[in-house]
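Multiple structures are listed underneath, in structure tokens.
Heads up, the next two complexes both have chain A, just with different partners, chain B and then chain C.
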Partner chain A sequence: MAEKGIYTKRNDGRKMDEVRPMSAKVGIVPSADGSASFQTGKTKAIAVVRGPRTLHPQHMQDAKTGILRVNYGMMPFSVEDRIRPGPNRRSEEISKVTEWALSSVIDLSGFPNTVVDVFIQIPQADAGTRVAGINAAAMALAHAGIPMREMVSAIGVGKIDKTLVIDLDKYEDSEFHDGEGSTDIPLVMTSRSKEIALLQLDGKISIPEFKAVIEMGKKACDNILKIQMDALKNITGEGNE
Partner chain B sequence: MVTKGRQIVVPGEVIATGNEFLPGDGAYRDGQEVVAGRYGIVDNYEKHVRVVPISGAYYPRRGNTIIGTIVDITFNGWLIDFGGAQNAFLPVAEVPRYINRNELRDFLDFGETVIIKVWDVKPRGIDVSMKMRGFGKIEGGMIIPVNSNKVPRIIGKEGSMVKLIQGAAGCEITVGQNGKVWISGKNADSEIATKKIIEFITDNSTVNGLTEKVEKFIKKMGLKINKEDSVEIIAENTDGEEQ
Partner chain C sequence: MSNYIMPNLQKEKIKDYLKKEGKRLDGRAPEDYREIVVEDGVSKNSASAVRVKIGKTEVIAGVHLALAAPYPDSPAEGTFMTNTELHPMASQQFDIGRPGINAIEMSRVIDRGIRESGFIDFKGLCIKEGEKIWQVFVDIMAINDDGNLFDAAGFAAIIALGKARMPIYNEKEDKVEGYSDEGIPLNKEVLSLSMTFHKISDKIVADVSKEEEAISDFRLTIAVGDNNGEPRITAMQKGKAGTISEKDMQNILKLVEDKWSELFPKIKKYVFK
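What follows is the complex of A and B.
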């Protein structure tokens, strides 16, 4: 880190350890059992929870516990060039990793043979959509009254050339190719035990840099947790609206 | 340390510290601390700490009055969909009169709607009964869906709100705690008026002095408030929480 890279100033003028302006809202979909939205900079995510309800097809049912099913999707107009709606390789992967990250905190053993559906939609994307989706989904699950041991918060951390940065935007994530290029690490942390619920890595990074970047992420997750808790506590109306 | 007042807690948040506290529904112990296991309002009664849900899907409790639809008929009873995680089971022995095992369909057929009482809640489903007065098959009237978390507001303190609506519109109302309200009146106009009042209550469920607001709303609709009308309340607020 003593080495100075070519990326000395961030594209949007942020400090290296500064996140984009974030906001969260709970109870945005009246017809759902739980719902929330999370926004960081230009990235927006909406999460809707339905259930627990009987799981069909029946062969997927688990007699010991309820299961969690996550569906992540980007809206066709979420990026500059229209994306084809419907499931694709990337969205299937994100659905699966989100499911794993959230499964580590929720407890559905009281609802055998049922499913809790989480639908995550991205109406506007500027990198970091999976972490924004996880932040929204955690709030929506809490809002739906699902038994949870704790909350989860998520942040994207990474390395641009030789510089460690937090909350990468689209330019940093996929348009920066000079020097060592960009490395992107989505990180999900639990709120109470401070365990890592999800960690992915796309790019190259050395072990000391990796350790430093995880510390940065943990600090940011603590702040995101505050935003999530504020949104849940200042809910207008005690119903679902 | 205990959090005070009607405080909303988020999963993972510490509610109380100390071995003397007992975690109840929606809370769990982690070492010295009692931690929220779900999102809701803290209820601390004599060191018994629980978290009361304020949003989300309907979870049946023993004694709840619910309204549901027959979705399946088995050899010894009916399966009823009431909008919960599992279907409710109504055994043939829990209906008011003797039914021949081969004639279950004659008594309650697919798609018919019933008012029932929750008898037992188990993780694998709930058992219900129809054996008391006020429970049974629904015929006529209309059913409107409401948010199950707002049901205590529609019922009011000891059924005061239901009495107010019934007195004003002259309709019979049965509030199912699963968020279904059955309205049955002499004519469609009175049923629609009742529906409007209930919608007004659910839209304004968080305001203070709701009863006065509802009374004002009823007067604006051109209806009279008839407080003397002694009507019987079938659905009581068995949740034990006053909003």
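What follows is the complex of A and C.
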């Protein structure tokens, strides 16, 4: 945007539209049907897929299709203050929005009465954990051979004071309070139809700025897709990594 | 909500009518809200309690303030908590017990819309730095679900905060003694209003009925505040598994500006008497 703010240099020296160093691995958990990890900067996510398998309790089964079930959690040692193990309001909400995002591209109609479980865990967090988790989960689903119409790729975008940025770290996401503060927008894009599969927003942003930052996110997702596809082509020893 | 069971025939009728006539079964245009009714003073024992109806959808939101110790990382700031109860009295689909994912999501979306706008003056809720602060609770009870509880709950939450009275703190005896006539510390200029839109067939629909809510592809809640007369987004949340195309997004952003200009002055009047 034309307006100049006080956030002219990123705290880790990146350009405004530059992501952190990213890497991905597929096949990291030997006993799983599918598994993958995704890392951006210091944020690490691992995802494991188990299923399709018969869903219990039986009354939750759908005779027309299998269902997707996502469980997201942060490991107790993933941030400076210990996180109490088990679900909380934040993790339950993230699990649900992740489930919606992944459900939009998978087709379980060939597996009635079953469930596909996706477990996402964060061993180390530096903001952007839900989007890192989704990048890992999409690869893990593909690795498990779950029918997918297309892939999804995810990125955190936002605004620091007046400056539009992508892939916010913890400082930018939650420690920057000057000027207009920090706006954080987790975004998930589908790979072929280029539609939005997940969208959340926290902060203060005008409608033109919002449109511009979504465009920045779309570009980043195209690059993340390449990282995901490369990892899927180079599965690391089918879990013996 | 989404597990609402209805005949396939009715689902198709809603979609067809929207597509062919550009209207909803109750005669509303896609962007129309139902009548909004607000009633204050539901409980005299709390800082405030208001009833909000949108058509037949009804909620009550109450504000309560309690004394507490501050969090170590913000020793001079009060705290804020939103809780929603989707009680079985409001719908066949709701159960007694711990909040489920629908109630959790609603609480968190409303909480973010208010918190991120800066509406609550957290520093003004500090009594003694590092020792004593006010905790602000907004509790939202669903009374009747006829669709769009999200907006009814969001409207009720900001109106209840706007009408809340400050308790009187007796420092000597360290206890609360009734309520003063003063409001709680708020930054009134940054109030933001949260509105929810659904995609049904090829239309973006505001203020959905219960049936429309059950069949929509996705929902998008957007909280919008006032930045010198310009709308400014303060929170967003997409729900359900449908995806948003670029055209959907353009339509929603246009609709949100129109609806905000129409509803914001109305709701604002209730928030500030």
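Assume the second predicted complex is superposed on the first by the 235 of 241 C-alpha atoms of A that agree within 3 Å, B and C clash if a C-alpha of one lies under 4 Å from a C-alpha of the other, contacts with A are read in each partner's own complex, and residues count from 1 in each chain.
Everything below uses one rule, namely that contacts are C-beta pairs under 8 Å (C-beta built on N, C-alpha and C of every residue); 3 or more make two chains touch, one makes a residue touch a chain.
Just so we're clear, the structure is a prediction, and the values are computed from it rather than from any experiment.
Of the two partner chains placed around the shared chain by superposition, chain B is the only one that A:Gly27 touches, whereas chain C remains out of contact. Contacts of A:Gly41 after superposition on the shared chain: neither chain B nor chain C is touched. Of the two partner chains, chain B is the only one that A:Ile235 touches; chain C does not reach it. Once chain A of one complex is fitted onto chain A of the other, the partner contacts of A:Thr54 are limited to chain B, with no touch recorded for chain C. Using the contact criterion defined above for the overlaid structures, shared-chain residue A:Trp100 touches chain C, although it does not reach chain B.
Between chain B and chain C, more residues of chain A are touched by B.
Residue contacts after overlaying the shared chain place A:His143 against chain B, while chain C stays out of touching range. Judged by the touch definition given at the top, the superposed model places A:Gly128 against neither chain B nor chain C.
In the superposition on chain A, the residues of chain A touched by chain B in one structure and by chain C in the other are 190.
Note for the complex: chain C touches chain A at residues 101, 104-105, 107-108, 112, 116-118, 220, 225, 227, 230-246, 249, 253, 256-257.
Against chain A, the residues of chain B that register as touching in their complex are 8, 10-13, 26, 28, 30, 35, 37-40, 53-57, 59, 85-87, 123-124, 147, 149-150, 202, 205-206, 243.
Put simply, chain A touches chain B in their complex at residues 27, 30, 33-34, 51-54, 66, 105, 107, 109-114, 142-151, 190-192, 228-229, 232-233, 235-241.
The touching residues of chain A, counted against chain C in their complex, run 89-90, 92-93, 95-97, 99-101, 103-104, 185, 190, 193-207, 210-211, 214.
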